[in-house]
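Consider the two complexes below, in which subunit A is the common component and subunit B and subunit C are the respective partners.
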Partner chain A sequence: MNLNTLAWRNLWRHKRRTLITASSIAFGVLLAVTFTGAGDYFYTRMIDAGANMGMGHITLAAPDFNRAPSSKKVLKDTDSLLAQVEQIPEVKDVMARIQGQAMFASAHKSIGGMFFGVDPEQENPESNLFIKAMIEGGMPKSASDKTIVLGVDLARKLKLTMGKKVVYTTTDINGDIVSAIARVGGLFQTGSNEIDSAVALLPIQSVQQVLGYQQNEVSVLAVILHDQRHSHQLRDRMQAMSQFSHIEVLNWQQTQPDLAGMIAVDKSSNYISQLLIALLVAAGILNTMLMSVLERKREFGVMMALGMSPRNLFLLVMLESFWLAVLGLIIGTIVTIPWYLFMSQTGIDLSAAYGDGFSFGGVLLDTVFKIRLFKESIIAILVGLFTLALCAGAYPAWRAGQTPPVESLKTI
Partner chain B sequence: MEQTIVELQNLSKIYQQGELEVKAVDNVSLTIKKGDFAALCGPSGSGKTSILNLIGGLDNPTSGDVFLDNIELSSLTNSDLAELRKNRIGFVFQAYNLIPVMTAYENAAFVLELQGIDKAQQHQQVMQTLKEVGLAGLEHRRPDEMSGGQQQRVAIARAIVTRPTIVLADEPTANVDSHTAEALLDLMQNLNQQQGITFLFSTHDQHVIDRAKRIIKMHDGKIAADDYRA
Partner chain C sequence: MNFAKLAARNVYRNSRRSVVTIAAMAFACAMMIVFSALMEGVIAGSERNVVAMNTGDIQIHQQDYRDDPDIYKMITSSAELSNAIRQIGFVASERLFAFGLMASDNSSSGVQLRGVDLSYESTVTEIHQHIMQGTWLEQTDPHGVVIGKKLARLLDVSLGDELIFVGQTADGYMANDSFNVRGILKSVAAGIDNSAVLMSNSMLRELISLPEQGAHQIVIMRVDKKQALSQASELIKSLVGQDLEVMNWRQLMPVISRFLETAHVQTLIMLLFTYIAVASIVLNAMLMSVFERIHEFGIMKAIGVRPLQIVSLVYAETIIQTLLASIVGLFLGTALAWYLQLYGLDMTSLADGMSFAGVALDPIWYAELSINSVLTPIAFLFVMSAIAVIYPATKVARLSPLEAIHHQ
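This part shows the complex of A and B:
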């Protein structure tokens, strides 16, 4: 009988103990999938939502625009840039936008806020959060329309309804104060008060006229990627391309440092939770293997007396850990798949606790708790738990091979 | 001239029990010849099992030397000792000590597996040996499906299947009834007489002492007498 078969049979000497330990590994898989999956899902949702609120996963802007935004810092020749960015395979959408600060005034009140000049033909609900959040009216009909789309709280504060006039005042390309009139053509409600009470959308050509921009001039090109995880790598690649060397290429971590910071902090606490789970699983495996080794001390002594080397004894116990890990991972996978399917498709509705939505790092999130796992996370969980099980078995295995045979044989 | 297979030279083994030193083996010199059927006998604590352990390389002497097939054991590493036990020594224990998850066949084949013998050769050797020890037909039984006598037969099969230089048997009849003990002794005596396998027993059992060709009496770690039966 080879060591592998012997190890497998040894595992079933105490069926209940083996199954309990394998179940703890399986539970570890379930928890790791839930924690990691929640992270993968929510971080992606937050990052995508943040990107869809204006700046994209990657932002192309005039030099220094991100550090100190100003109407004077203009991105030129945007048609050409847009065409080049669209050629990049990772890019899902690219939109020219003008971003600025403005004072919005109605007959009743004036309130400071920010605007995005957008081209309705370029924008779509997949890449623009505000379109999705539209509750009345709609986006401007054309880029030169004289309409404005307001956050519902901003409209309420200004006591504006659909079709009413708004005067917005801002600074133009020369730093001069300029004003224009627009009629309310739509209202959006994201659920985040800080957004709904401060943001307005304007047709891009109207804004260009007001600011004194040429048709080919905007503040930023917001680039939406198929997968946000490529943003860092793609930014580096684009920075190295000569056609983008004269402008700033930024990823979302640079344009939304608050969000990046919050995600980093949240990730750290998530990692700590997972580490604690891993330690609990490891303690279970260690305990089982150590018990198993101690109660077979005499048998190991006999094996060594018969000529088994300490190395082979180590290998035998490691193989037992290996099979225990395989068993735990198989049970874990069987148990976790239905859970994962439910959580990734339906999820748990937390609206009773959080209302319609909650914002995190200035980004609005829905209240359905879902999970989603990236391929690399699945591999990391399986490899991580497998390695953990082997590491937890290493000490008992080493111990099995180290006790002198004569000592082991004395054990009753 | 009979070949010496084991030689003990001024062998001592002192155990530390708390602050007390116990001399389990006290300056013993002894040779075991090929074909010996020898019994180390004496009261409990006289050093019988300690000598077997030292010959088997399971324990290290405090002083003196052990030679097995002219190999000095103290010069060997743990791995070398394991190799030596695997290829040259067979062990039979009082409590049988079969591996419970293995069948009779697998227990007997265990050392051959460690030696890396191919399956066909293993099968031939194991089946032959199980037949020799009277267990033909029981090869698929696990230890818990066999009587004590049958288990000890498997242990003997495991010890002799590699045709070792010597079989060290520590109280091999202590856990079986006298009828079974006689049967086991018949078996080992036959193996000794017909195949020339050398046996060294440690025993209290008069059955074993009566059958032994050579009786080595131990007392307080020393050899009190060493006689060949006429």
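This part shows the complex of A and C:
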């Protein structure tokens, strides 16, 4: 008789016990899919949203700009840099921007904040959160317009409405304080007060004029990738290229350390929770298999007496654990698929519990809880499941292989 | 023979199975104690970062100051009001705010100037101890300012560096003065980290020509932490006029408050998930133990043991195992949580900075043991294992004695 068939039949000798253990494995699969899927979905959303807030997944900047940003640190020759970045297949979009700190003043009062000098022709809602969040007006008509786009809370504090004048004051390329006037041409509302009360967009050529930059000079190139997971490896690759050796190539972890920190911590607590549940599921498998081996002592003795090698007995019990895991996986898949479909398409709306203005590491958080699994994560869950089942089955299987034939035949 | 003794012997009979079951329960229980203590510590820590570093328990402003922070909207008789508040058993301090541009050699940034009352601020908040580099403000050094962590990076300044302020005075002239960096704060909250410049009240009054009297904000802290926040607000409200707004920190920061209130739900969800896994182990172990004794239960029934007594026996066996598990779990969990309460869980290797809803989280997480964080996991363990054995217990209680005796 084939060992596999024997193992499969052995499992069904205690239907109830097998089903309960398999269900606990299925529960483990469901939780692993939910936890990992929530992570995969949520981190990607956060990272993409963070990237769309100005700096991109990868940022090209003048040396030392990231440590201490200043208008003196200029990225030169941007046209050729732009063209070179566009060649890279992972890159979805690349935009030249000027990032800086400024004081915005209305007739009423003045408030500090930050600005992005953007080229309306390069920008699109896909890679710019602020365009997506526009509630009134729109982006400047051209790169040399004298218009400004403000966050709603910033506009409200300055008591500004569409068409009103704003004076912004900042430091130019020489370190001198300079001011310029712009009219409000648009208002955006991302939902996070931190952002809506501090950010403004300006047409890039007007900013270049004010700061004393040349046509070809900006402070950063924001690179948006098709898949955020490439950012780390692509950063290293780009930094090593000779055409980028004179500038700094940064990934989002470096430009948004708060977000990276939150994600790292959340990720590790997610893994720890999963590990904890995995260990408990493994303990369940261990207990079931151990009991099933101990109660079959006599049977194993007979099998050995009939000429089965200890190695084959060990294999038999390992196969039982394996098929138990397969069974758990089948039940788990049946349970998980409808849940996954629901969670990946509809999700659970938590806005009733949390309201809608929530930031996570400085990035606005989604209030709809959804899950999405990367292919890699599915493989990781499968590998984890079988490793777990086989590890938990190893001790009982070893016990089975140790059965001394004569003594065990004497026991009843 | 009494039930407890019988149950104890039954547990001991298959000691290996019992040990695995108890170990799994104890492990889960210990982990959950650590987890809930850690969660409680993080919640307390974030609340502390919000309240003790910045907002205080209660704040008073002019009616619409928060909507539209205008330097002219002052609480005119703030000194008298603060004194009156102190007399009814609170601590209070006045603050002034103004906006402007701060420039260093390399860079400039819009800033929020925060004028604090040096003799009282330290009685209300702990921000004077929250310095990363340098020292707190000193009356004798009016031009030495303390600035936010990210602002220091934006301006590229370090201790002793010069800063130039440009802004507008209350009477419409140009305000202009130079300062030097005396201290840099640790991370507090996005608003403070990015743009706060702290100086003494008197320096700020002089800088932007504010009147000698009055403040934009009075920050109040309860001395008796047990006093309810709403009750404290009512007490303060009775002192102030209609033109002023009294808000406690939960009203001032509703998002964070709601998050902290719902954070324990996360602990409960985690508890539930973990214990479902535990319950399946208990269920399986008890089911096995019951089914291999069907013959024995048949005999018990035949000699007159009632179904309810058999249910009690199965429950007694479960309770003994759960009890042992919770004792082990309690010791292990409390010991580990205690260690984390003293030394903390260092996350600095994972993250340089963390922030949630604009509030900075300390990268070292300290657990906080409380009756709640210890008892909830244990109580849950008992409930879950009691639910898990309903099936095996009722199964044997309904056995027919004759069939059971013949069962192999």
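Going forward, the second predicted complex is superposed on the first by the 411 of 412 C-alpha atoms of A that agree within 3 Å, B and C clash if a C-alpha of one lies under 4 Å from a C-alpha of the other, contacts with A are read in each partner's own complex, and residues count from 1 in each chain.
Following the convention adopted for this analysis, contacts are C-beta pairs under 8 Å (C-beta built on N, C-alpha and C of every residue); 3 or more make two chains touch, one makes a residue touch a chain.
Keep in mind that this is a model prediction, so the values were computed, not measured.
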With the two structures laid over each other on chain A, which partner does A:394 touch: subunit B (first), subunit C (second), both, or neither?
neither
For A:330, select first, second, both or neither according to whether it touches subunit B, subunit C, the two together, or no partner.
neither
Touching A:298 in the superposition: subunit B (first), subunit C (second), both, neither?
first
In the overlay, answer first, second, both or neither for which of subunit B and subunit C A:110 touches.
second
Output check: A:13 vs subunit B and subunit C. Expected answer is one of first, second, both, neither. What do you get?
first
Does the superposition put A:312 against subunit B (first), subunit C (second), both, or neither?
first
Touched partner set for A:406, first subunit B, second subunit C, both or neither:
first
A:2 contacts which: subunit B (first), subunit C (second), both, neither?
first
Of subunit B and subunit C, which one touches more residues of subunit A?
C
Residues of subunit A contacting subunit B in one complex and subunit C in the other
none
As the complex stands, subunit B meets subunit A at residues 53, 56, 58-59, 78-79, 82-87, 89, 91, 93, 97, 99-102, 106, 109-111, 113-115, 158
Over in the complex, which subunit A residues touch subunit C? Could you list them?
16-17, 20-21, 23-24, 27-28, 31, 67-72, 101-105, 108-113, 156-157, 159, 169-171, 175, 177, 193-194, 198, 257-258, 260-262, 264-265, 268, 273, 276-277, 279-281, 283-284, 286-288, 290-291, 294-295, 353-355, 357-362
Residues of subunit C defined as touching subunit A within the complex
14, 16-17, 20-21, 23-24, 27-28, 31, 67-71, 99-101, 103, 105-112, 153-156, 166-168, 190-191, 194-195, 254-255, 258-259, 262, 270, 273-274, 276-278, 280-281, 283-285, 287-288, 292, 347, 350-358, 363
Taking the touch rule as given, give the residues of subunit A at its contact with subunit B in the complex, in rising order.
1-2, 6, 9-10, 12-13, 298-299, 301-312, 404-406, 409
